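Scrolling down, you'll hit the structures one after another.
Shared between the two complexes below is chain A, which pairs with chain B and chain C, respectively.
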Partner chain A sequence: MAKKIRPDGKEKVTGRLKYLTDLAFSNMLYGKILRSPYPHARILSISTDKARQLPGVQAVITHKDVPGLNGFGIVTPDQPVLCKDIVRYVGDAVAAVAADSVETATRALELIHVQYAPLPVLDSPEKALEEGAPLLHPNGNVLHRAGFQKGDIESEFAKCAAIVEETYHVPRQLHAYMETEGGVIVPEKDGSLTVYVGTQHGFKDRFQLARILGMPEEHIRVVSSPMGGSFGGKDELNIQPYGALLALSTGKPVKIHQTRQESIRSSIKRHPMKITMKTGIDQDGRLRAHQTTIVADTGAYATLGPAILDFAVEHTSGPYMIPAVDTKGISVFTNNGVSGEFRGFGGNQVTFALEGQIDRLAAAIGMDSVEMRRLNIRREHDLGPLGQQIAETNGALDVLQSAAAVYAEKKPSSQNQDRWKRTGTGMAITMHGGGLGFGRMDPAGGRLSLKEDGKIEISFGFEEAGQGILAVIETITTEQLGCAKEDISIMIGDTSLVPSSGSTTASRGTSMVWHSLQRLKKPFLQKLLTRAARKTGTKEGQLSIGPGGIWENGECRLSFRELASEQAPIVISTQFDFPVSPDPIDSAHFLYTYSGVVAQVEVDLLTGRINVTELHQSLSAGPVVNEMGYLGQIEGGGVMALGYTLMEDVIMADGHYVTENLDSYLIPGIKDVPFNLQVKAVESLPAEDDYGPRGVGEIGTIAVAPAIANAIYDAVGLRVSQLPVKPETVLKSTEERGVLHGSQSSNSGGN
Partner chain B sequence: MQMQREQGVVFPPHLISLEQLRELADIEETVDGSIRIGALTDLETCRTHLLVKKMCPSLSEAIGTIASPAVRNRGTIGGNILYGIGDAIPILLAMDARLSWFCENGIRSEWLSDYVNRQESLEEGAILTDITIPSLVKGHCFFRKIGRRETFIPSIVTVAMYMEMADQNVIRSIRIVAGGGVNTPRRLRGCEEMLVGKQLTDDLLSALSIKIKEESALIGDVFASANYRRTVAANLLLTELQSVR
Partner chain C sequence: MEANHQTAGGTETVSVSFLLNGEHIQLNVSPVMRAVDLIRGELDQTGTKISCGIGRCGACSILVNGKLAVSCLLLAYQLEGASVITIEGLSDQDEVHPIQKAFLEEGGFQCGYCTPGMVMAAKCLLDSNPEPDRQAIQEALSGNLCRCTGYGGIIRSVQCASSK
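Moving on, here comes the complex of A and B:
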């Protein structure tokens, strides 16, 4: 397949592309948001008088200035736009200012006097669940419980030859998108509002903003693309409500662009979880019982916390067939930062635990871990993890075989040129559901038009966030219609111009673009050919669509421009839902992707530092639409997961951020990235599969952490149960077990 | 400075740029074989300068671990030293570098180690003009910086060493330095005394390991404990000593 340059590639790499935070309007004001200095406190009074008197300040708003619902949240609007009596975390907004300059707005924030009475801080789920703990929300401190049971867990445990029980801890991860939250909100002359702010679901933002502003949805236009990264982090509202309220109150465009520190303080993060797994295996190597408890720290507000816990519960047993499963999950409100949507959506956490269990169990019964996985892996016709029918593929076994072939070539751990280093190889596999799941509104749609200027316009409600959706749309559209890329124009991310396609989340995009084209192409081409036949006087059957226009006998007879001229545009739309299981099991997924990961690490015995030297990812997600986009998603996902495994942790102490900026919260640099980074797509699908290419936005992040963890064990014999893996933990373990000392004596003969 | 500004450090209302003093931005070999580096020489020039690469490659290596290429193009060697915990300091201490200051009554010079212990200008208003590194041809230099990722990262542990060997595995002279994070890089003089004139036996090295951890007194933070830093410092220095014996 040819390596295509993505439509937005050149503008991005040359820095010419204008992001929404680059926009400027005349008379534009700058907004700043005052957030709580306390993780939990009662607001006694708010005085804005001094701030209002500061020259250059044009508006100061508090809870009194919210005309509609003072709350937001994609499912449950439990987060106040501007807090009235209680603040529940340090990102809670209390007031906002619009001024002539950023400096004046910043100064004005200092002049707002808020009196607080601090309340006890619930900085862990354990504290929040204690008897007598203050209640953070009317329904208590439990946001959500979820679980899944099948089989007789006790009698299956009784049949086991080995049982492994371990508690895994995973950190709070920052999306670390390059472009922090921001944009410009413009009040229009007709009383409507245009919101130029990146998001992953323009129509959902419009809905939420309408509710806050007490304004009809139709009066709000959300331009939500392009974005400098999101990874789930801009799915929920962030600065939009403040920009909108300030723009309406001043009648002027208001720009807000959060600094990195403001971003870290207020943005959502990946859920920290404590996962306890007890898993049993019989003497033949068959998994028999798998018992899991998940405790998620969801922070101060709900956002999609419940769905993330549901997802984690669903993916707890991964691609394995286990007769008895008992999973219990709880997502708990705390006074920590809000946890929410993040690439992988709860799958990363449980997969780290599960694949850790698998490696430990194989070792416990002295079986090759690949062989053990093969013995227990789901087959094409097996039911999904919640007992639901799923789109049947052989993806799990395909990726296992592919990864096993790489794994078989692994080097023995002693083989390292440097006598103070140890090499190790590890493996992990996973499956990951796409779409929102059964019982959740998950509509999609698209529109094809032949415009008056002869361009074929393809429109979706999706947003470009770096993931490459434009390249996907271009490729699928031109392939399906048979035209050239010059013939089409792509329209996305503007609620006034595009149809609703649902959210740009959950690995939906590629899949929904393909499904839309399946529905649009036939009626659209039919209309084109009918008109062409009339215009040329040729029989429809002899005409076909080709690059540039309508073709007959290997020649272009009529250009699209000629076809379009002097006639009404041809418009075909479609609306449908993301495919779900025929079995009505709440939140269950239907379309899954699979990955098998092999990681090689080098552990420095003197420092405990881990260097990932190779990362191989094999994927099963149907046909590859755009090779470079696919590669980018998987390699990028791999690097993001490498950071999750080795260095990323938004540390909070007593409800305050310790890592406040990217100088202490670390993401991998290019030197941390393995030079040998391989992506292998197993593209085959069963002949009868009619679901096409699946999205790969998340799958590249899921099974990397456990593969690295298993490689560390292979290298130095340390069982990792906490992320990120601290060099300190490694060094302590190797010291205690005399690995370094052994190395000194065993190598004294020269190595 | 950019990082400090982000962290909320308030700058003086006026800053005077010395950038145009090109005389302070050169590198030369002096008659006695030492190297003089102008304080305003940018880090990248220092790193790639032929004299530095030839005469003190460890300094070139150490400078290569400072921040990122873009920062090294702007930042100067003098700035790195005056930061007090800059990554160039440990190796320069091991090399026994001297500093020259432009003072009220002309140029005054002092040992880098004296400055580092004091952490302020030689006298009020003094301007650092250059750094002088003595000839190191007789000895062996060593430098390692450990951070929380591979590059573009502050140090958590940095060690540096210069030693000259006599015959039969005996150390003639040695300078050992440890630092990292908020720990000001310091000579470990007690460790040095343990080694001078001695043969590098296993017993001596074991004793040295304990002494390094104790004397370096590195303190920890939320990202890396004191114990970890001290252990790593000892491991790195010890294995280097083992490798030369």
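Moving on, here comes the complex of A and C:
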């Protein structure tokens, strides 16, 4: 069988694809950004004279050169483009330079003299919340509070046979997209600006840039795809404002491509969180009360910090029905970089804690953890975690059953041949909301045209970061219309050519492409057939769309080119919103995906090193659109989460980055991952479901950490409460309990 | 290395000549220019990528005299007299290399940014070991990081290419 090859595949494997950081223009200059050496300081003076005098330097800009709003941020523009008085993290920009070479621009940065008066560094949420702490923003150091309460928590705790309370710590994760931020910004002859810089939402960048530059949005064109990875990390603006200001000030194209060190210093990261959970279970194994506090270190600026906390709060009780829930979250400003959008969006953190609780509770009452999950799991008609109606599916139970089957098969074979090694198996499940949630603007849309040249053009405002949206668009469009892939052309990633589709985030792309085609298909095909009937003199009812053109009685009567010739293009557009719950509960989601994960680990008792030997993921996200893309998202997401569990932590000390490049910030390499990753899609949906395939960009990253953590417990009896799990932690735990000397059972799980 | 030159601006340059994908290249470069910048910049062969700049990720992998090398840790002048193959040298306009075909068919890439380096590493492996086992694959690709695929697709691609 011929394999379905991605539309962007050949260009990628041959190296011919021009990423936006590969572009070059004549007379192009190179930009560099001067960032603060202090995590918190007052700016006393900025002197750029010497830098300006350096031969080859064409522009030096500071806060004085920002014509519009000196601030950015998708929701709240609280991050200065160029700082004037205060710097709040070591990535804050103070000046930028355009020069005729990277070397000259770099040298010029050294000639900019900025005098700072260092201020106290708030390097933890606890410090930032202390009374008398310096205020990082006018409204104080609390970015956002969120919470959810249902039931009578105290009376439910009173009914419990066991209560487990634990505090979980999760690290600051780097997206580590292979292509660092960059591109070229080109001033056009007509006074407009073309911004060739990757992003997850071209129109949003255009909106933000217009505000900064004091330019009408229509004068800015954002070319935003392809990207060498993003994972949420390029959702917020990064280098665009500096490139744009420098291009406008010099009248020449300006290229900025951050080095990895510059990228780590300035980019957003996954929120570190401290999560305390107190969860109670009755003697029958029913969860009764679940109390959680979440403290998120949001860093210096807002970006989407509030929405991430809301998401974490919503997902705190996961796919379980618990009568009393009390969740309180706080997102706190600090001088620790900037935390923001990252695949999973707050779900990863709370799921690690929740699924840790579930295994501890099962052990506490001596119940099989799978059975306990089954007893408490949500059913098809149950309300969502915030009490909202959600699209009904049996996904939670489906993935639990699927994972339980794998777990049952793997669990008994936990003996290791090597006397210095222990094997363990763990599982975890989760549910994850797609889309932005109730009460948030979440528009989608697309456009289908028969062009003059006979091509059927399908266009969206979505971005290709690597996830495979182009393959999804090709598959859904050809399947829905009945034409061949050669008949269509796909247009994305250019605000001058595509309709607005909303952001390429929140697992919404695949879902919204399918919903768009549902709306576009009928009117488009109708217009095609009406024209075809007129041209051929055949009744519409006898004609249909097929590969190459219009078909009648099993034969192609009219090619699309003939259909298009000498007539105006046929254009059908749609605009609609991502589906939300009928219940008006702020931020609540409606379309959920589900996953069940089983991990097997091998722990070396001598070194403490943990090797994940197997990773099985079962998913419920509706029908699979593109098998290779789906597999890739889940496998890749799983390994990214494996890194989160065992390796990755952007370490900061006193507000400074300690891990500055991929030599100290380690992401999984090929030797760190199971050789055979397993993915099982449970595609079934209720017959009446008309929401189609759900996106799977995030779900593969959510429940992996707790599955590995539970496997570590199974192997060596260590209850993991902090990520990443370091070999030192394993050794300390096993030594304390005498595991190595065999004086105690090493395998506390299940016996 | 040939004689040093002075440019009009007074900056010292050195002459370097080598074969790039079979084509003879001769030019004067700064003695501190990295090979990756020569390839991507002066020679506009942007298939070779730059990501960490310190030899950790393998995105800039090329073959120098048949051996895998990270071009961010090589200086341009060090290519003197060498035969250099980059990703552009593996295929012509119409026909892709069997390894590239395997990556296409087995989902060995997503964003594609690590792919040129990964394909070069796979070529280096398969040139010397046409039927690598699991350990050999892991060893040969251990210097190349991929953030998208989790390596599943890459492993299947190399296995597929090796059986051909």
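Everything below uses one rule, namely that the second predicted complex is superposed on the first by the 735 of 751 C-alpha atoms of A that agree within 3 Å, B and C clash if a C-alpha of one lies under 4 Å from a C-alpha of the other, contacts with A are read in each partner's own complex, and residues count from 1 in each chain.
The rule we apply is simple: a contact is a pair of C-beta atoms (placed from the backbone, for glycine too) under 8 Å apart; a residue touches a chain by one contact, two chains touch by 3 or more.
Just so it is clear, the model here is predicted, and its values are computed rather than measured.
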- Item | Touching partner for A:W420 - first (chain B), second (chain C), both, neither | first
- Answer with first, second, both or neither: which of chain B and chain C does A:K671 touch in the superposed model? both
- Message: Just to be sure I read the superposition right, which of the two partners does A:K10 touch: chain B = first, chain C = second, or both, or neither?
- Response: second
- Task: Determine, under the contact definition given at the top, whether A:N661 touches first (chain B), second (chain C), both, or neither.
- Result: both
- After lining up the shared chain so the two structures overlap, which partner does A:G466 touch, if you call chain B first and chain C second: first, second, both or neither? second
- Query: Which partner does A:V571 contact after superposing on A: first (chain B), second (chain C), both, neither?
  - Reply: neither
- Message: For A:E728 in the superposed arrangement: first (chain B), second (chain C), both or neither?
- Response: first
- Task: Identify the partner contact of A:M640: answer first if only chain B is touched, second if only chain C is, both if each is, neither if none is.
- Result: second
- Query: On chain A, which partner touches more residues: chain B or chain C?
  - Reply: C
- Is A:A161 contacted by the first partner chain B, the second partner chain C, both or neither? neither
- chain A positions touched by chain B in one structure and by chain C in the second: 260-261, 661, 663, 668-669, 671
- Item | chain C residues within the chain A interface of the complex | 40-41, 44, 46-54, 56-57, 59, 86-88, 90-91, 96, 100, 103-116, 119, 134, 137-138, 141-142, 144-155
- Task: Going by the contact rule at the top, pick out the chain B residues touching chain A in the complex.
- Result: 3, 6-7, 146, 148-154, 157, 222-225, 228, 231-232, 235-236, 239, 242
- Item | chain B-touching residues of chain A, taken from the complex the two chains share | 260-261, 420, 605-609, 611, 647, 651, 653, 658, 661, 663-664, 666, 668-669, 671-672, 727-728, 731-732, 735, 740, 744
- Query: Which residues, counting only chain A, touch chain C once they are in their complex?
  - Reply: 3, 5-6, 8-19, 22, 24, 175-180, 226-229, 231, 257, 259-261, 465-468, 628-629, 631-632, 635-640, 642, 661-663, 667-671, 673, 675-677
